[in-house]
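Each chain carries a letter (A, B, C and D) given by its place in the written order, and its residues are counted from 1.
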Amino acid sequence: MLIVMEHNASAEQVRRVQETIETMGLQAAPIPGSERTAIGVLGNQGYVDDTAIRNLPGVRECIHVSKPYKLVSRDFHPGATIVEIGDVRIGDGMAPVVIAGPCSIESVDQMMAAARMAKKAGASMLRGGAFKPRTGPHSFQGLGEKGLKMLRQAGDQVGLPVITEVMRIEQLDAVCQYADVLQIGARNMQNFDLLKEVGRLDRPVLLKRGMSATVEEFLAAAEYIVAEGNERVVLCERGIRTFERATRNTLDLSVVPLIREMSHLPIIVDPSHATGLRSLVPVMSKAALVAGAHGVMVEVHPDPARALCDGAQSLDGPAFESLMSELRGLAAYLGHDL
Amino acid sequence: MLIVMEHNASAEQVRRVQETIETMGLQAAPIPGSERTAIGVLGNQGYVDDTAIRNLPGVRECIHVSKPYKLVSRDFHPGATIVEIGDVRIGDGMAPVVIAGPCSIESVDQMMAAARMAKKAGASMLRGGAFKPRTGPHSFQGLGEKGLKMLRQAGDQVGLPVITEVMRIEQLDAVCQYADVLQIGARNMQNFDLLKEVGRLDRPVLLKRGMSATVEEFLAAAEYIVAEGNERVVLCERGIRTFERATRNTLDLSVVPLIREMSHLPIIVDPSHATGLRSLVPVMSKAALVAGAHGVMVEVHPDPARALCDGAQSLDGPAFESLMSELRGLAAYLGHDL
Amino acid sequence: MLIVMEHNASAEQVRRVQETIETMGLQAAPIPGSERTAIGVLGNQGYVDDTAIRNLPGVRECIHVSKPYKLVSRDFHPGATIVEIGDVRIGDGMAPVVIAGPCSIESVDQMMAAARMAKKAGASMLRGGAFKPRTGPHSFQGLGEKGLKMLRQAGDQVGLPVITEVMRIEQLDAVCQYADVLQIGARNMQNFDLLKEVGRLDRPVLLKRGMSATVEEFLAAAEYIVAEGNERVVLCERGIRTFERATRNTLDLSVVPLIREMSHLPIIVDPSHATGLRSLVPVMSKAALVAGAHGVMVEVHPDPARALCDGAQSLDGPAFESLMSELRGLAAYLGHDL
Amino acid sequence: MLIVMEHNASAEQVRRVQETIETMGLQAAPIPGSERTAIGVLGNQGYVDDTAIRNLPGVRECIHVSKPYKLVSRDFHPGATIVEIGDVRIGDGMAPVVIAGPCSIESVDQMMAAARMAKKAGASMLRGGAFKPRTGPHSFQGLGEKGLKMLRQAGDQVGLPVITEVMRIEQLDAVCQYADVLQIGARNMQNFDLLKEVGRLDRPVLLKRGMSATVEEFLAAAEYIVAEGNERVVLCERGIRTFERATRNTLDLSVVPLIREMSHLPIIVDPSHATGLRSLVPVMSKAALVAGAHGVMVEVHPDPARALCDGAQSLDGPAFESLMSELRGLAAYLGHDL
């Protein structure tokens, strides 16, 4: 850590900062400058909590050189994490995974049709939402546990592992009964209680980036889960909120290679939520793979025009088959067997 | 609602949209244009769910004229809502309220000292956090129920109602036992389950705007609470996330008068979280009142340099007294008795 | 256009809006709703200037169905524009173009070395900046016309067309003397005088998206150029400013397929400025091609560690050769001959 | 400056950085850490150009402790700058200035009527645009030099100094002939050639913040002007672009007190462009004064409903008189004589 003092900080204020650093069992290395003094902090193992220093008089800024995540950092774990879900393996060197399914589970028939579509086209995992966070109170809110059963049943029938979002700690028991992977949605990326709770479970977690979360906050959120003992975390970029509203969100695809440098965790992309536009989903799925994503999560629906949720971004059967065929070609080109 | 068709939409596609509208019990009014056809929807009472239409072939866009909130809208409830908490009244025509207290409850002594500071200077409500959402897993996470008791005790001792954040539904019982007002934090603004739950309680709610929530989403979140029957909702602007990082967030003060036009609910401002800089808190508190805020929520701490959380934005006793004295003068100028 | 009236707009106010529309030679189609009246405008050819209506009493909002660009819109020109620069052709169906060169022209030797690097690896155009917009006044500001000569010379020597940024109208004569393509930088995307001026020239233009420009504003800026008669416009996505600062800008790659739907103009991507990180440039170049970009513009430098500008995002010779070899493979996979 | 090395940087790489620093005539102070090495740079006077270092192998990040502006910084010039324009004085301790006038100059009659409105209500300066940057090519583009004459004439007639925007260097001669203050618009905040040019003139400059400019970039732009010798610079906050579109821009009012801490230059606020909504202009003008702004710039128009530009945010005569009367009261409360 580097502590930058105010231009007009007194010698006494500098001394107090130095003493406080030493009280913390660390060493202080003052760097006098022509404009202001800076004080280097030495001897720390990992991130230093700056609470005791930041508020001292004369301190202008604390600049952290260590980051608020260590367990998920590639610096200390150069080897990649491969997350296994049944036969599916996600991570460096593995074939990219394709997770497909409807935004929300609507009925046994819809879920079964979607599962057959997904399986037939070659997806490796089935998704479906039972608890839906909706912006307004009068929209369809999901089928709850009834929906979970339909999802499980559909997955079993076609032979695909299933993933679904858990929004509250109290839903964990029910969701764990039915789902192979727990999804933490963008709105819950900083629901730290929930993160800790899933960190104590023996179940893979798909963690979506928050709508306005920086890469650093995203990795710090993953650190919460891993710190509790659950290392099977898959990250998911799903678009961030910016001034541009021509797409639903702004897909921040550059963070895929960046996060692969920074962390050993696998990362996938959700082009459906990121763009919100059906016609962009296939092309951005391919771009995601080329950018180094370990997979994509795509919304499909047997009848998008009648979907109760997010139909405008869902692919129908033929469109999804065509996408899968393109992805297979691309994966082969990239050296994988999809 | 207005449905805009693609430039090259066929007559058949236009017809299908019209039929779908009529199936919904509404009327369709086609507006042929030189570039494309638009279709007006008539006869609806309030917001129309566009799911069935948005996904039809040939549809380019659905433009909503009605908004996804009605209960909280000033259009239909021109009279202002005044929220009462003990002797405190928040809303149009009332003296601005000042809520003060530490970011987090640390000990009986700290809480009592803060309560005395708040009371002595003239605050009308006491705040303190017992459950703390922290970005990284290794920071101080709050005292939990033990902290709630300290808050209640401190409030009772000095004679101030107390407010604290509730982060999970399971905390509601405990929090309701101790707190006069329930705070929903920015990270939970779209935790719809929690919103619905507090909507069923007979307890005032302070709803903070999410870090990347639009005004429309903010009001739609309040609608969730009111729709369940709880009309005692106070909104709170606390800064949004933008590209500018010189301040912790960007205080969006213009939404105060805007929301006062759009909604009948009271709105206050939290300059401490918005700016993150102690030196800006007093001046932005005053600006908030002049902008029409029904109050401010300010972080104070008996010893900010030793605060376990957010000390850099906390005022100490003398600074808070001086702020209160300025606010009193300003309130008197604005015609209120603070 | 659709005009939305206030909830409490009077019949008189509605009538005044109708009359104003008719004065403009258009037809008004009122759509009374349960909450408010909307008024459709019919009979217009293209975008309607709403100045006369927007300010009338009782008007809440004017919603445009036609867009503020028509000449660059795919709706009215379904065929793609192919921009030819010497032997290079940019646009639908053409092999992706690779433009390479240093951020700024520093010397004859540097420019020649860069040109040889670019040519040897297989780039199809040479870039280099002679006039540099720099954030602070004390950084290197470019060599001006001396630099332009070096660029031209280097391009001629290796047989590559050259592109350089023009920042002011007065530079146009000099730049046109040396450059095959005129680049309009992000900071000048809304320098409308400059746009109009280059619109009157017979020289291809590369128009970069402004740092905070929406897709709609981007296309409207291109419309300025085309409206003056110059149809040889190539768009360039180079990242937008968002809250995320881990990359220099946020590369908004989804706009590539979106703009290809909306406009007939070619669009390329600049991953160097977008990410600001050398290690991300190759992977995002490939992702750009897969997303449908008609080319990429990449910063290369014979000795990035000694570059006077943006070295951190520049590739050296071996890195650029390796990128070109990857792009060739990818282009072949996509059906092109790079 | 602090240089942060990569976790796995070699001793050789650290050594090369040290040597480079010493070549620059500065001292290097390595700070070895448990995770990575950092290197402090000592002995610099002001901002260090990091070009030569940033690109060296093994360097992760260069953190600047000095800022890219010094002349405009309060650190080195604690006394405030007071800008004088005729009898008007802008800056610390002066009565807040009110600049009023139409967005664009439309005719002699309109300009004269606006000038009389401004004068009668008590404004201290007159504004009006002769060259208008408009998003689309077919909107009204301003009257040019003819407009400048009308502005000058109107100002002379009522006895108010006049301010107008200059968009290009070639317009400088004409504008200087007619205007007392040169306005640099938001789109030109980083038009560095223009900044340098006005920096060489003996004429006060009003510099508007760019739509996506950070505070640091804003001050660095002012530094360009001051570095050329012109110290009469007034800053103007006019809203930034964020995800929120309920207002035209997001007025970032907190930067007013922040900039007053950081710089000795005066700063005013433009609530008309910031909010884009007439009904918010008065209340945000008052909030601006309380936040410490040295003045406000407000759009007024004799007949907003017929304005050729930005009528929706313009005040008419009675509204402006009422605002001025409120501002007078507020200024008196704040201890000034408006």
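The definition used in the following text is that a residue touches a chain if its C-beta (ideal position, glycine included) is under 8 Å from a C-beta of that chain, and two chains touch if they have at least 3 such contacts.
Going by UniProt, the chains are A, B, C, D = 3-deoxy-7-phosphoheptulonate synthase.
Predicted model only: the values in this text are computed from it and were never measured.
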Which of B-C and A-B has more C-beta pairs touching across its chains:
A-B
Of all the other chains, whose mean CA position lies farthest from chain A?
D
Would you kindly tell me how far, in whole Å, the mean C-alpha position of chain C lies from that of chain A?
31
Centroid of chain B to centroid of chain C, CA atoms only: how many Å?
39
I'd like to verify one number: the distance from the centre of chain A to the centre of chain B, where each centre is the average of its C-alpha atoms, in whole angstrom.
26
For chain D, residue numbers touching 2 or more other chains are 212, 241-243, 245
Per the touch rule, the chain D residues reaching chain A in their complex are 2, 4, 7-8, 29, 31-36, 38, 40, 42-46, 63, 65-66, 75-76, 241-243, 245
Of all residues in chain C, which touch chain D in the complex?
47, 49, 51-52, 54-57, 68-69, 133-141, 167-170, 187-188, 190-193, 196, 211-212, 217, 220, 223-224, 227, 241, 304-309, 311-312, 314
Parts of chain B lying in touch with chain D, wherever the complex brings them together
212, 214-216, 240, 242-247, 250-255, 257-258, 261, 271, 274-275, 277, 279-280, 283-284, 286-292, 329-330, 333
